[in-house]
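Labels A, B and C are assigned to the chains in the order they are written; within every chain, residues are numbered from 1.
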Amino acid sequence: MNNAQQTARVGLFFLLGLALIWVAFETLSDGKVFKDRGYTLIAGFESLKELKVGDEVRMAGVRIGSVEQTRLAGRRAEAVLRIDPGVRIASDATGSIVMAGIIGTDYIGIDLGTTTAPMLEPGSEIHTIASLDLNSVMAQIGKLGTKLDDALGGLSDSLKGKDGKPGLFQKIDTLVGENGEKITATVSNLQEVSAKLNRGEGTLGKLINDPKLHDDLLATVGDIKTAAGEAKTFMANAQSIVDEVKSGKGALGMLVYDEATANNVRVSVKNVRDVSDKIARGEGTLGKLINDDSLFTEAKGTLKKADRAIDSLDDNGPINALGIVAKSLF
Amino acid sequence: MPAGSPSSTRSPFSDTESPAVGVKLENLCKSFGDFVVLKDVSFAVEPSEIFVLMGPSGSGKSVLLKHIVGLETPTSGRVLVDNHDAADPVTREHVRMALVFQAGALFSSLSVYDNLALYLREHRVASESAIREKVERALQILSLDKTGEKFPSELSGGMRKRVAIARALVMEPQLMLYDEPTSELDPVMSATISEIIATLKDEYRVTSIVVSHDRDLALNIADRVGILMDGELIHVGPPSELHTPKDPRIADFLNPKVDLKNPRFKKLAT
Amino acid sequence: MKQINAVLEGFGSTVLLLVRALSYVGTLPRQWHRFIEHCYLIGYTTLPIVAILSFFIGSVLALQAGYSMENFGAKQFIGTLVGLSMARELGPVMVAILLAGRVGSAITAELASMKVYQEVDALETMNIPPARMLVLPRLAAVLVMMPVLAIIGDLVGWYGGALISNYTHTIAIGPEAYFSALRRFTKFTDVMNGLMKAELFGFGIVLVCCSIGLNTRGGPREIGASVTRAVVTSLILILVLDYFVTKILT
């Protein structure tokens, strides 16, 4: 390779390096070569905390400049902010140092201010407020932690017992321990009861299981029918009495021919008829008892539930069974 | 014989003359650690003289040469080149010295032409066109006309030696030092190199110090011969004295008898 | 004791070589063609391996970061991690290690063979100081080329990380999120910091390799020994320098 070619390649290579350095510079420092672009504002703080030269200035979260310089000015710290050209900041906008995250850097956040306020002139000072920094937040969290700790300690004491006094769990434990036999007995009684129910023992059991009940009910209805038949006979008798009364026989006849008395009797008869009609239609308690089969259905359903409850009782032990009984009952 | 004062060096490339230099060794001692290489060596080389230093291998000849050119510093004593201490790097600014290395020490990354031009370019003694002229002249003097574009690795041993001499010549040295210029060469090439050394001395009156164990070279071209054995200079004198040496060591060195019945290595062993 | 002495001797001769080379800075314009040649060898020819290595370093960083940061929900900081570590540490160190292996060894081998075959002695008899002709252009070239290599390493590493973050379904961080995280915490000063480190490493490597090469004594066998010594010394130098430079620069 001749000299000129070599020189050209080296030159090209060197220029490439310079260009790449420039690219890195442009990328990383946002072209700070044009250092005098934009204008400066001064922000005074009691403390700049973690703020460094080069940190961002954001307005409503949008980057509008960077911290150009940090300095001490008398009894306060000042940050000189370089704001991008074209960004106008209202004079009542407020700046504060904001943390970008626990491991992030800080930035200066400026709010929008109001539209009516005049704009800030270059070089003027921006109104600032002190903000909580991570350390104070952390200190508060620390205090909160202590309190939480105390509270939990108290709770734990009351649960565990303190200074020899038994705690809640201990008490429950003791209760259960002391009454274990009774509870077991209760549960077994309950089992026995339900078993009896199932076997149709006792009144309720019979009510549920005994087919005789049905017969009794039917018999009752039959009785009622007989009663109704008797009522018919009674009516027939009443008819003959009425006939006799019509014919005006006896004292009663006279009584009947007395018109008011006759009316009364008529009403009575009507009432009796009404009652029997209602019974036939199933109205009223007695009617329902006679005509409605839902009572029987309900009785059957209750029985089923009890059955299920007992099954679960066997499977899951007393505590679950309580819940299941409650659930199936309600 | 070209004109000019006998005590000055003439440039092979122009009519400019610079004074020939003498070399003087005063009680030179050198040791590497406990190993003594040179023991109290003293002699002087006159300007425009060919001084041949002979001696068996390992007698310290090359080390002595390096002292003269300033690559080594003496343990004691000193070397004076034109009355400047050779160990002082500044001496090289005053006196142009060239050392022809035993293996040539050509710059393997440079072509023959660039090897020769390097000194001139580095010291900016001439324009590029003047350099070209000088280099081509030097190549011509050593009959290397067509090797300019070749690289040292492409050259034969004899050519490499001649390129090394040409490279030294381009420096227009006042003092030429040759380290074994004829070793590893065939007899004809050895004679050629000897002729070149003599010619350079005759035509340009360069002071030359030649380290060699080539007896023919020494006897033919030397003005004076020094013999170094085990770091000691045991003889200095004109080559004629060596035809009938008095010292048996010198006689054995110059005219070794091959005695198959009583070989030397067996004598040394006992 | 002998070893300590050798280390100190090496250190001293290196410093001396630097001083000597610097005293010839004025001759640099005359040695322009040599400077360009070394720029070519140090910079241009090293570029491919630097690009490949940096790409994969960036990718692996992103992968490992994705794997470990997922555990505490910080995946969106992969860009930050890759950006900062490439710029401040891995970019310069990796480029320097490559330079030691690829360029440093070649420099030592060349100078050691020149020394062994008496070319360096020949230069000295010609009154051409090796520090001027052999060392100075290399030092100047590495100073110019090292930042270029380092910035290429940085950027290629960043893009490698971005690519992996985007196309690995367990990470799945898009380039926008990646680079915004990268930009949020990586400052240009971090990059400059890294380039400065790279500059120091490169200079140190070339100086040490030149010094070890020129101090080679003995036969051709010593060339290999010198190259090994030069690379090992360079690597140690990189890591030791890295520690101190990082301390000073942060």
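Throughout what follows, a contact is a pair of C-beta atoms (placed from the backbone, for glycine too) under 8 Å apart; a residue touches a chain by one contact, two chains touch by 3 or more.
Predicted model only: the values in this text are computed from it and were never measured.
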Chain whose Cα mean lies nearest the overall Cα mean: C
Name the two chains that are joined by the greatest number of C-beta pairs in contact. A-C
As a quick test, compute the distance in whole Å between the mean CA positions of chain B and chain C. 44
In whole angstrom, how far does the Cα centroid of chain A sit from the Cα centroid of chain B? 110
Chain centre separation in whole Å, for chain C relative to chain A (CA means): 67
Residues of chain A touching chain C in the complex: 3, 6-7, 9-10, 13-14, 16-18, 20-21, 23-25, 27-29, 32, 54, 104-105
Chain A-touching residues of chain C, taken from the complex the two chains share: 33, 36-37, 39-40, 43-44, 47, 144-145, 147-149, 151-152, 154-155, 179, 183-188, 190-191, 195
Okay, in this complex, where on chain B does chain C touch? 66, 69-71, 92-93, 97-99, 101, 103, 105-109, 118-119, 122-124, 171
Sort out for me which residues of chain C touch chain B in the complex. 30, 110, 113-114, 117-119, 121-122, 124-128, 133
